[in-house]
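Shared chain: chain A. Partners: chain B in the first complex, chain C in the second.
The block that comes next holds the complex of A and B.
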């Protein structure tokens, strides 16, 4: 009997040992599947690769090397969704827009802070106007404190310097100088913003850099010099605060005379540049830690 | 005799349990080995109708002010099913294993080589003819979907920090300067640079509407009719299947 008991105990111990071993090895596997924090705090070299035009490298008209600082605190950082919508509309049509029964723009004031519902209402009203157009819009999810960049551009290359000697272009063509070097300019939209959220507060600080430019046309320089681009650009840098989930509207930035003030031949300025007003909507929302799962559970319960 | 039979049965039961446990642990190990984490990035060109179809299918807006922009794996399955439709053009799709501490590059296999420096080369014995040009220096530009991803800290909550630099570049046209040989490319580019936190099996959805100069046709998808394009960028953290 004692012998049987000892065999039974020995087998039990063997099983427990194997169970413990497997348990420990499972824990090891789980541990190695996570990355080592101390070695992964630093990201690789930042900046845009060359195929994006060198991005942050401060070439003509490009932004600097970003202005967001990246420091990992003891607690997990917050995550923020930001959206910028850059639109344009005839000034006269903007005057007719009403939100919640109230005029959007009055002679002395205009609405600058909108709830999500009011934002949708404004966009709906704007889309009903024939002159309204969305020039560019982008939304980005990012860690708080990080610099985010979205750009939608066309890169125009044009001769920057010319050879000293006129070159014949045959009987039919005009003589011209040989281009020595080419310059690159971006036309389009570039949005660059950094958020700053205080834990426990529902106010989001934002540093927004905005650049919009367009190619208005090519200027005939004559005298054998190659055509040069006529660029219309508008840059805005603003430091603002938005309540979580709200939308800030910036309007009343007239583009009238935007190109004509350049004192160039007015025939080369597109007619569409007159009497336009830019309407810019900037929205931000702090995303909860488990936004997806939490909301999904809510959906299931509903 | 009775004790001996009990002992034998006990041993058999223990051996059976041990075998089951051993098999289960091996299966668990294999499962862990198979479930290598990976980041999947998708760049989709669609229009307002396509975006509306996605939001209708999900039952909420991708604007987190009125809906949400972080999706579960089941919702991504639904979106993936929709993406096979005609309204959607998947411009770029890349899956990157994250068992690395290095920056990973996503590169398309298309490049455009163009001349950036020229010299005059008048044909011999043809003084009256037009001046010809010979390219002396070239530049190369990557076309299509490309980018870089890097992985940061894995937080205790299970969320992984990810840096994403994505872009699409296509040739928009050529501009000629004085002579047909003296031409330079015009590129259209969309790009985003951000760092975000993702839980495993989560997807962050970001919507962009491109600069209007792109709108004359499918922005990056050739052969599509003119439309108000909408870009949908999906960044998913999941496992290798």
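The block that comes next holds the complex of A and C.
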């Protein structure tokens, strides 16, 4: 809960500064149990902070509240294409990759800013490696300043509280405590994004919440308690600037690769620890409306 | 076939477990209003002005056709399409907006691939400034609370412990709609052929029921693909949004807990959103008469 609260406060501060300063905070979490309710509060069902439109909750009114105030953007209509990609690759293989003839990984750090051509080159090089995996990716187009969300998820329901009563008849034939309340956790790809562009400038301010999560399995809690889900999740929450058309690259070495669980696969962990590197690509491009108009006219002429 | 099986098994489970499921096709637009729209579609409808106001209506009344397509395809196939010269879909955002012809060409290229699959599509026509909703869904009810009633038997070695069982139906139910859903508010600018779309499409699917409590407390698992965004489109253009799926849409991790993870990102997701300003029917009638 403390973590969730601190994140909420941080988000509030980010919005208050309104991209006024360079403040980058990123968070990568691997192997997080669903029982950590702060995860659910961060990105779970209905869990987006109010600052991002909040209120994606309720079954009938899903996504209802947060998008109520629709306002036109700047006088010059502007919209932005954004993309986020989560990937992982064997650390050893990443060391061999070269971009534009230069090593991608240098003694100081990796390349962090790529042009569109360099991005394509990096993706091409990564895809040539057998260990490369795209964990998830999402792109979305939105009017500048408007909150947006794209998600491709599995809604997993699990028992959250138990009644004090033991029940005897059941599939297992053993006495169990009765599960009397259930929670839902969305796992998959989730991208929540708000941009802030100054008309006439090619710099895009972005507030990004990106999550890739997966159900790794169900944990036997014993003592008649219902199994609990074990979720893996990589989250990134950041506030950054990017030039039009460019791609930011962030890397990190998780304890284990995405898809591996510390809780379910304890024997294998020492061998694989640190062997994978996470590579995160975030791109943005301002879409010129005039181009779209010309294209439409050309299409009609053709 | 797989989907039919899933739906059949889901329906059978619903009936067996006293869980109600209703297939529904709903269409609500400004041109054909439903009196109980708020009841059916929840509170979110009011947030966009609902069906009451005409404030955003331009001077020249017009209406807009809007369409959304959710597509899944093998990432390898998509990479091949992207690698072509003059590719109609890129990973750098240059082709985020397509003309009508480019959309047709892209769909033709995608459909040539065996892995191409429509997850859901929907289109709707609405007066500018008015919200429209079309949904083709299965309304699935599921229990959220269970009541226990005492059984006659007790545990012999500990007489203080009374065993309970399910003596009646679950205490409370909730409902989730699964299927294809398009909620859109198009607004046409009176100056240009510019359409502003507030759009909330969803494609979702029930993948099964899982016993999560060990005592028959079945809970449904859904897959959902949602986009919530506000975009500008010029008349007759299409917005393309891509992504990569951790698991293919249709595969459930919750229903296959023992299954080791396959290589992730093998499937890619494409969302197409199109809009076109429609001329008034009266004008068309005059043209026909001429």
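Convention: the second predicted complex is superposed on the first by the 194 of 302 C-alpha atoms of A that agree within 3 Å, B and C clash if a C-alpha of one lies under 4 Å from a C-alpha of the other, contacts with A are read in each partner's own complex, and residues count from 1 in each chain.
Definition applied: contacts are C-beta pairs under 8 Å (C-beta built on N, C-alpha and C of every residue); 3 or more make two chains touch, one makes a residue touch a chain.
Keep in mind that this is a model prediction, so the values were computed, not measured.
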Does the superposition put A:179 against chain B (first), chain C (second), both, or neither? both
Taking the superposition as given, does A:217 touch the first partner, chain B, the second, chain C, both, or neither? second
Applying the touch criterion given at the start, work out whether A:155 contacts chain B, chain C, both or neither, answering first, second, both or neither. both
In the superposed arrangement, which partner chain does A:139 touch: chain B (first), chain C (second), both, or neither? both
Just checking: does A:123 make contact with chain B only, chain C only, both, or neither of them? Give me first, second, both or neither. second
Show me the chain A residues, by the header's touch rule, that chain B contacts in one structure and chain C contacts in the other. 70, 72, 77, 79, 81, 83, 85, 116, 119-120, 133-143, 146-159, 167-171, 174, 176, 178-179, 181-182, 187-189, 214-215, 224, 226-227, 245, 283, 285, 287, 289, 291-293, 295-296, 299
Chain A residues within the chain C interface of the complex: 56, 58-68, 70, 72, 77, 79, 81, 83, 85, 87, 116, 119-120, 123, 127, 133-143, 146-159, 163, 165-172, 174-176, 178-182, 186-189, 212, 214-218, 224, 226-227, 229, 245, 258-259, 283-285, 287, 289, 291-293, 295-296, 298-300, 302
Touching chain B in the complex: which residues of chain A? 1, 4, 7-8, 11-12, 14-15, 18-19, 22, 25-26, 29-30, 33-35, 37, 39-46, 48-53, 55, 70, 72, 76-77, 79, 81, 83, 85, 116-117, 119-120, 133-143, 146-159, 167-171, 173-174, 176-179, 181-182, 187-189, 214-215, 224, 226-227, 245, 247, 283, 285, 287, 289-293, 295-296, 299
Chain A touches which residues of chain C in the complex? 41-45, 47-48, 75, 79, 91-94, 96-102, 144-146, 148, 151, 153, 161-166, 174-177, 185, 192-194, 196, 198, 200, 202, 207, 210-217, 219-237, 239, 241-247, 249, 252-254, 257-258, 261, 263-265, 268-269, 271
What residues of chain B sit close enough to touch chain A in their complex? 3-4, 6-7, 10-11, 14, 17-18, 21-22, 25, 28-29, 32, 37, 59-60, 63-66, 68-72, 74-75, 101-103, 105, 116-120, 128-131, 133, 141-142, 146-148, 150-157, 159, 161, 163, 165, 167, 169, 172, 175, 177-179, 182, 184-197, 199, 202-204, 206-214, 228, 235
